[in-house]
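Naming follows writing order (A, B, C and D), and every chain is counted from residue 1.
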Amino acid sequence: MDVTVMNESVGVIGLGSMGAPIAANLIAAGIIPTVWNRTATKADALRQKKAKVVSSPAEAAPRGGLVITMLADDTAVEGVVVGRDGIAASLGPNGVHISMSTIAPSTARRLAEYHSEYGGIYVAAPVFGRPDNAAQRQLVICTSGPAGAKARIRRILDAVGRAVFDFGEDPGAANVAKLCGNFMIGAAMEAMAEAFAMAEKSGLERTQVADMFTKTLFASPVYQIYGSAIAAKKHSPPGFTLPLGLKDIELVLKTSGEVRSPMPLAGLLRDRLISGLAKGRDEMDWSALALGVLDEAGLK
Amino acid sequence: MDVTVMNESVGVIGLGSMGAPIAANLIAAGIIPTVWNRTATKADALRQKKAKVVSSPAEAAPRGGLVITMLADDTAVEGVVVGRDGIAASLGPNGVHISMSTIAPSTARRLAEYHSEYGGIYVAAPVFGRPDNAAQRQLVICTSGPAGAKARIRRILDAVGRAVFDFGEDPGAANVAKLCGNFMIGAAMEAMAEAFAMAEKSGLERTQVADMFTKTLFASPVYQIYGSAIAAKKHSPPGFTLPLGLKDIELVLKTSGEVRSPMPLAGLLRDRLISGLAKGRDEMDWSALALGVLDEAGLK
Amino acid sequence: MDVTVMNESVGVIGLGSMGAPIAANLIAAGIIPTVWNRTATKADALRQKKAKVVSSPAEAAPRGGLVITMLADDTAVEGVVVGRDGIAASLGPNGVHISMSTIAPSTARRLAEYHSEYGGIYVAAPVFGRPDNAAQRQLVICTSGPAGAKARIRRILDAVGRAVFDFGEDPGAANVAKLCGNFMIGAAMEAMAEAFAMAEKSGLERTQVADMFTKTLFASPVYQIYGSAIAAKKHSPPGFTLPLGLKDIELVLKTSGEVRSPMPLAGLLRDRLISGLAKGRDEMDWSALALGVLDEAGLK
Amino acid sequence: MDVTVMNESVGVIGLGSMGAPIAANLIAAGIIPTVWNRTATKADALRQKKAKVVSSPAEAAPRGGLVITMLADDTAVEGVVVGRDGIAASLGPNGVHISMSTIAPSTARRLAEYHSEYGGIYVAAPVFGRPDNAAQRQLVICTSGPAGAKARIRRILDAVGRAVFDFGEDPGAANVAKLCGNFMIGAAMEAMAEAFAMAEKSGLERTQVADMFTKTLFASPVYQIYGSAIAAKKHSPPGFTLPLGLKDIELVLKTSGEVRSPMPLAGLLRDRLISGLAKGRDEMDWSALALGVLDEAGLK
């Protein structure tokens, strides 16, 4: 299989804080991609590493080859896929679109259908991890889509992540799993925020409380990373901004509505994030939702 | 310090599913306790291990010595402490009450004052862990109270738990930390219940979703234990029953009210647990709060 | 002003349970409309009352005249307004679109801009009331849009409603007010559902509780109509179906997100309605959200 | 029956903002009560109207007669009823305690049992209305208890209120109804607060929105009184303070827990009120819970 992949042409569309390290890791693995970004200057560093920089998304989607997209949201992904100049047309038969952005499951399903009109294949491959995780090849990748295509792209995924979890053939499934994760992260943050506020108002050191739990019952990456930020009330610089967090929670709620599965805790997160925006916290990390708990408790 | 403790007289009051293994671990560490339980037959196994079984709480509270209580709730603890026949009177000057039950911080503070009237000392030492953790000496212990008394009882705690986290002198502080933990466990269960329901209704295998998260982002004991129960919809036999879970969330809410720190997520948990009781789930594990999410989603 | 209106050509698009009685009331007031409905048979009764029945929306939008739309949702309204065959093109300069559907404020603003490209005017005029209120000319109408146009259509509105409340020039404003109202109705239903469930489980007759409040503190139409339905647990036949209720609460949440104003109570209503759909209550009145409260309390 | 009452000895215990006008209305109806208040000076005005002022609750509870209590909370009521010097002992056989405070249904049931030990009768008679309503004899009274006693006190109730609604024999029932009402008032305030905030952030005048609804769909006293306060953001001077509102919502939650009936909206109100206290709004009217909505929306 290695041999197969080495002969594949690979494109990367979207060279932001996640896409750029992903492209760099491909290069490090000996896979030289063709890259495109809306703001061309972001491609400079990759050009120096021998990536081929092109001036349109379609040029980064080689006929019958592979193309990764890592873009801001549903609209951005649909924008590069659809239409005469889109990557679906450019990839054509047997081309595989590896879609790594966090988008709605329903969008993923629609894009899969769109690709199939051109004989192409859509594989959902959203990732867990922040930019530093991407740089260190530590992303956790969820996949769903046709089995053959997933086998074909496996070496690509191994070059950029540390683990791949598959959720079957439904092109929307991987994004459902991804949304579950972001929701659960948000829920963990809300739980810590409420607990630490009660502790602080009871006279305890909130950092001591965080310390105990992240060493014992909740000794996992999410609690450790976000727990120390929330205990310290430190939400800048952002790893993932508050508006992006809200975008994802809105996708969770949209999906929960479509499948008719109530999620009151997601609704609570939505309100925390909206309130954060109302208070001007747009530039902070989404863990700043915890500040809303402090506000309500009259702290600070 | 070891020597000091060896010479201490130690009592254990409350030999339920937690108190019994704690007493057994004291014996295993060479500390033979005097024990009491309301239902006397529960002391039989310990009697065979040479524990001295007595017929009143006061007899298990040696003058100037140490006594552990591991009882059902605030009322039960106050019941054995207060009054002419209570353990405060029996312990007297320099006696230390090691209170391991999960009770309200305000109750702990009141009991500490009560003991001080007799010259005694109250050390809060609530624990995290289920009966099997207690048996395996794997409890996590939170402490608060006077520093000298905490030093004096340290070997006792080491004999029954795997880690001790201290929260200072306030006798209520350790219980605040304990309540934070139970609240955060409940919150994690609600988050998983909502996420897995959305996943299931979207066509994913809920066990696969649980598997990914408990191996990666949420690879911690709480998520692993409760995550597999919730994914499998298996809530019997109980490790900690739903009514006990509700009791603790009510303590969380009571405390949050006293210190004026709103906790909407705790309110959500309260309603889930009340609903579980309304539906006759009294005998299930408190993770059965997740069944409420299934009900609302029209699953099963 | 009466004279002016009498000379106006008036169209009505959408002859469902609300649009049909509105058109009938225009006829009763001496204003004979041109009418269109997607399902043509619904126009039969109006044809017999001398309404002119046409076969496309554009034909019901007289050049420079007035046209009322009363359609299911944002998509339906945009569908008849936009495009070469749309009513914006047909109405042309000085035509006024009286838009009575409950749609998003942002949709209203977009439609107003679209009309202005053709020289036309958009007046938002969503209504409060159920089909029987419409038939009895008892609708309460919210308006917003250009003052001149609102004066020009006043007799039309008086012919179909009992009161008009104006919210200024912003074409989105009237729909904000309308969404506030539907949200407040939903909130009142949730409040009664929770209160009556607690009363019933405490041994009281829920109908007696409803009776007291709707005669005293809450002696208003919303509480009287929905209170008796909720007390009696009777949600069929529907006056306004549960899916339509959800559509409106989703619009409330969308708007609250756009203006960054958290609405936790709206989130609670959303979950109740989604749960109602998950349980197969699609054909019931949206007051059936109260059944969710009964379910959670283990009643019935 | 009138004659009967005229011959009754009647006491009033608690001469606060509600008890004082109630006593005054009894005098106005020709029923001269014996009165007691913890702070004796509050009885001065009534003394001038010929009320007999006594120096202990028991003296205001005539043997075999009637006594009204209008006190702050459960503890205060239990404090005057129970014990050797309590009013149960003083009233003795055939004495009737007319208990008008808002207390827990479970407290009412316990007090009824306590009275019965002395041969006395407890009638629950909590009221709706603010001090000005009390002064104008406009209280709405809920009753429950033995039928004979309710007939016997009817003229007393008619002398102080405008309507009596009965909920049967269970001494707790009237308080359940009362708690339902206070909960529904709180819910209405939250609904208006959220709606008006969304309206204001959308550019509407919040007072216009309040005006429309309180003239139409929600034309009832609760919406009119609280709606204008919330629209105007005016919460002082208080008619019913925020801590008292919290006390009642806590009673609602306690009761909902006892009867196992979840009330998520009551939980939301609890958090709003706790947050209000955390922000120092203790002296404001409980409608100041609406300020929490403004805070979260970044308004003011």
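The rule we apply is simple: contacts are C-beta pairs under 8 Å (C-beta built on N, C-alpha and C of every residue); 3 or more make two chains touch, one makes a residue touch a chain.
Source: prediction; values computed, not measured.
Listed by label, the chains that touch chain A and also chain B are C, D. C-beta contact counts were set side by side for A-C and B-C; A-C has more.
Chain A and chain C have Cα centroids separated by 39 Å. Between chain B and chain C the centroid-to-centroid distance comes to 54 Å (mean Cα coordinates, whole Å). The set of chain A residues touching two or more other chains comprises 256, 260-264, 268, 271, 275, 278, 296-298. Chain D contributes residues 264, 271, 275, 278-280, 292, 295-298 to its touches with chain A in the complex.
Interface residues of chain A facing chain C in the complex, by the touch rule stated above, are 246, 250, 253, 256-257, 260-264, 267-268, 270-272, 274-275, 277-278. Listing the residues of chain B that touch chain A in their complex gives 105, 128, 140, 142, 163, 165, 167-168, 170, 172-173, 176-177, 179-181, 183-185, 187-188, 190-192, 194-205, 208-209, 211-213, 215-223, 252, 255-256, 259-266, 268, 293, 296-298.
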